[in-house]
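The structures considered in this document are given below.
What follows is a pair of complexes built around subunit A, which joins subunit B in one and subunit C in the other.
For the complex of A and B:
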């Protein structure tokens, strides 16, 4: 059989894809299918019994799951919103004003992102300590009472959000900076000649042209919110007080390793995957609808 | 050949390649080389790696021409690692875990049933009887305790003196405990407080378990729904609400209360003999005593039994050798040496009678408390009801009850009722 040139070309392409595809199949697709299959059982290790969709039904009728889902969405939405907004403001300020030492500021703000989350969160734990923490020491030094940062549901959630914003704002700044630098300066010059104010320029030129960057930041914040939330909540609060910070990832961990119920934890994981996938997909669709290109 | 056909063939090729890779990795992992020394894998708690145990392990390895791969973990990491190993079929030969895990794992068919081996071993009759209860599920024994401990109230005599309290009269009743707390807060506060509440809900049991309620479960219902337990929790809540005690925050580490006691910022803490060595190291000059944790007046106190046990996972490569090492590690001379090295309490009656043990300060205090210790929630462990458990950090429902008490969101009575209602529901599911 004679193989045509175009077939040879596509075969070469597949060969290039092969290593990455193998890794994907072995470490993503295979465990995914295994998790899906396992979520239809109950029991542990070799003692599994098929229960169909029972794990999913139990999940959706559990108040703990809905609480966890709400906590996760709250944490992710608020931290992504604040972090994205601050990242955009800082990037816009640095890019549009051409601030001196801009790269230095960027590096300083980006620094938390390269610190290991577990280590940084431990440092935050010491800072939040009610009696010995530096935050309460600062409040006391100006005559204010110390706060139980992790001791009440509201303050614990706010503390978690603060840590997540601290982690991600620098990363968002860098992404927004690159998005903003791609917009031709001519647009702003023309608008300026036509009498557009600075806020009009941001609203009518900057924002419509950085839609892909916004979507990218949102998707990455979403993923980072879901993933980081485990480390932050586990170390700072263990999900408490009163499950106020029991995010989905933590619930999955507790279900699997404290509750001894790996099939149910797999069901939870798949629900979380669906949530992440559908949100990312909708964001992509929104970008397709509203973004009409840079030039 | 179309592009579509090529894609399908490529995908099939990938899948075959993947299956071959997985199969070869699995097969390779299961094999152990026949020619060189065999590897014996064991998991141990990081804080229990005593020199005396290491010597036993070294001698054991040399005699059997083994390489002993001793991996150490803190409890949460150990649990994660173990459950992953059980799922993946890559279990170690010997594990040391908190005793309630043994009955929990045993009930799930993950540990070897050692009932016959233990019954045939003459020295097993030397073990304190409660030490066997903790490793038993439905009448079968799945392991053997190697540390048998409990909790005591550590009190700093110097701080008692500074607050004008009798340094040789620790609080015996919860009412006295509350009054001491108030005096210390008035005399030495706010920098020095009376007590430190741990982040671990399980410690609470030591205040409310008593001879009438020695166990969490009474046949088919939660047994702690009594006026005595309710009253005990209310006094503890009053202490927390008045901020007479340091309250560890929800994610705080185990060290929080210990650190506060060692640096002298709290006058009392609940802990066990496992902290005697670190106290001697970090606060050698501290004048402290150890007493039975205070209870309501008129009730006979109980504390929660603690400690670790060893077991052999189902599928272990060297189960016979593991059983031999278990016996060696619990030899009377080794137990006495471990006590002398680290102050740890042991499960043998002959150990308790040994004069070398009786003369050790701290250890002798705990020897007086051990008879009050009960395996309070062992039935919950063997039934797999982790949510209502108190030991091992406390289950989810237990944590909710504890947090309601120390963070004062609801009345102790209401919180207890919620715990009991939910607990009964789980019990009868």
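For the complex of A and C:
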């Protein structure tokens, strides 16, 4: 039997994919299977005891979990909303008003995206400081009273959101700019000849045509919201005051390394992952329903 | 005409405000890093140091193993990035030019991987690394990040644009497949490889949750080391923390000033797909 040329190419193909596939299977897929299995036990290391779905039942009946879920959704929704809106506005100014130095503005506003999140959050923490922070100093200098930024549940959450908006607004600006540039200019020209105002143009031309961009921004915001929420909350507030900023990722971390309950932390991870996955899936479905392409 | 000018002026004002918002913390940390202890704890807070204290850098390097953390960050970020480039280049070549059966499944595995960044799978991965007794080792920290969904998908997309005729011509000349990848296709897609290098390096250098979970002391990276240093200090000396922070930021800011345009363009390109 002779091995054909295309079979040989296929064999080479599998060989070339092997290192990447090995890493993906071994360190992405397998850990999730292991986590699923591990979440059915209690205890740690060699002393595991099978408990079935107990970890999940305990999870769904614990008010701490529901609090975390609520806090995470609040943080992600509000920060994505503000950051997406600001990013869209800024992109709209840059693209449609013929602003000069557009690339310069874009680069500067984008800067936070490359800054190490843990480091930036540390700096923000000092800026938020009630006595020594420059934010309160600025407020004092214009005759206003300083704020206990991280002191009360509401203001702590707002401070977290402020930092996340700082991280993501430039990134959203870049994505929206690229989406807006794809819309042909003559759409707007013929609309303004027909007498459409600027806000009508945004509402009736821009928004329907950038649905895919909006969905992309939302999915990415969701992801970065989950990832960044840990860094920001752990460093700024540690989840306080009164667990008002204990986001899911932080609860998972604390469950594993303060409560030493790895199985439960794995159960939590899986629940969170399902949540993340189904939300981005639903966003995708929504896009399929309302977006009919760029004509 | 007048309304357009007024609108444009308003746009400039808002954009400038956004710029100040974006730059403020970064500028502040550089100023803070050069202040004396007294200036950093003064009321009301000082912005500009009277005389820049460059010795803050050597002082903080004595108070914490800053050089070791720096070394760890470099080794971790560079080794994983080089590995990602190689695994993505070869896998992307296979899925676009070798067309073996089952490649659709392989591609969808890459795409699925994008949704699961290292921070999301930290605890499941930790469970596994702990079982392998690899906690606080280079292998435990780096091996899981030697291929990423983002890198694989990115190279797959880019290699699709390389014409098949290039590969076929090389085959007729008797080139082996691995030589085609390394000596012909690799150089052809060099811009994509450079972009991938920059992104991956940034992601790893800036990573927090995964190094926090899987390292103890030996392999602690800069972001984790500095935040641990801050929590362990009795009396927080913010000028020293800022000095350590500046050490962490210099490589990423250097990268940003050197190739920032490329980073921005890369995102715009990804978004338009």
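One rule holds for everything that comes next: the second predicted complex is superposed on the first by the 273 of 295 C-alpha atoms of A that agree within 3 Å, B and C clash if a C-alpha of one lies under 4 Å from a C-alpha of the other, contacts with A are read in each partner's own complex, and residues count from 1 in each chain.
Following the convention adopted for this analysis, contacts are C-beta pairs under 8 Å (C-beta built on N, C-alpha and C of every residue); 3 or more make two chains touch, one makes a residue touch a chain.
All values reported here derive from a predicted model rather than from experimental measurement.
Engineer: Should A:30 be classified as contacting the first partner (subunit B), the second (subunit C), both, or neither?
Structural biologist: In the superposition, A:30 touches subunit B and subunit C alike.
Engineer: Based on the superposed arrangement, let me know which partner A:240 touches: subunit B (first), subunit C (second), both, or neither?
Structural biologist: After superposition on chain A, A:240 lies in contact with subunit B alone.
Engineer: Of the two partner chains, subunit B (first) and subunit C (second), which one does A:130 touch, if any: first, second, both, or neither?
Structural biologist: The first partner, subunit B, only.
Engineer: On the A-aligned overlay, A:284 touches which partner chain: subunit B = first, subunit C = second, or both, or neither?
Structural biologist: Touch partners of A:284: none, neither subunit B nor subunit C.
Engineer: Which partner chains sit in contact with A:148 here, subunit B, subunit C, both or neither? Use first/second/both/neither.
Structural biologist: After superposing on A, A:148 lies in contact with subunit B but is clear of subunit C.
Engineer: According to the stated criteria, A:190 is in contact with first (subunit B), second (subunit C), both, or neither; which is it?
Structural biologist: neither
Engineer: Now for A:110: first (subunit B), second (subunit C), both, or neither, which partner does it touch?
Structural biologist: Second partner only, subunit C.
Engineer: Once the structures are superposed on A, label A:14 by its partner contacts, choosing first (subunit B), second (subunit C), both or neither.
Structural biologist: It touches subunit B and subunit C both.
Engineer: Any idea whether subunit B or subunit C touches more of subunit A?
Structural biologist: Touched residues of subunit A are more numerous for C.
Engineer: In the superposed arrangement, does A:262 touch subunit B (first), subunit C (second), both or neither?
Structural biologist: both
Engineer: Which parts of subunit A are in contact with subunit B and also with subunit C?
Structural biologist: Touching subunit B and subunit C on subunit A: residues 10-11, 14, 21, 26, 30, 45, 131, 235, 256-257, 262.
Engineer: Of all residues in subunit A, which touch subunit C in the complex?
Structural biologist: Listed in rising order, the residues are 9-14, 16-17, 19-21, 23-24, 26-32, 34-35, 38, 45, 86, 89-90, 93-94, 97-99, 103, 105-112, 114-120, 122-124, 126-127, 131-134, 137, 140-141, 166, 169-171, 174-175, 177-179, 182, 213, 216, 223, 226-227, 230-231, 235, 249, 252-253, 256-257, 262, 265-266, 268-269, 272-273, 276-277, 280.
Engineer: Residue numbers of subunit A touching subunit B in their complex, please.
Structural biologist: So the residues of subunit A in touch with subunit B come to 1, 3-4, 7, 10-11, 14, 18, 21-22, 25-26, 30, 44-47, 64, 125, 128-131, 148-152, 156, 233-243, 254, 256-260, 262.
Engineer: Name, in rising order, each residue of subunit B that touches subunit A in their complex.
Structural biologist: Residue positions touching the partner: 1, 3, 6, 10, 14-15, 17-18, 21-22, 76, 79-80, 83, 86-87, 89, 104, 108-110, 199, 246-247, 249-253, 260, 265, 384, 386-387, 395-396, 399-400, 403-404, 407, 409.
Engineer: Which of the residues in subunit C come into contact with subunit A in the complex?
Structural biologist: Against subunit A, the touching part of subunit C is residues 4, 7-8, 11-12, 14-15, 18-19, 21-26, 28-29, 32, 41, 43-45, 47, 86-88, 90-91, 93-95, 98-101, 103, 106, 109-110, 113, 115-117, 119-128, 130, 143-147, 149, 152, 177, 181, 202, 205-206, 208-209, 213, 222-224, 226-227, 230, 238, 241-242, 245, 248-249, 252-253, 255-256, 260-261, 263-264, 267-269, 271-272.
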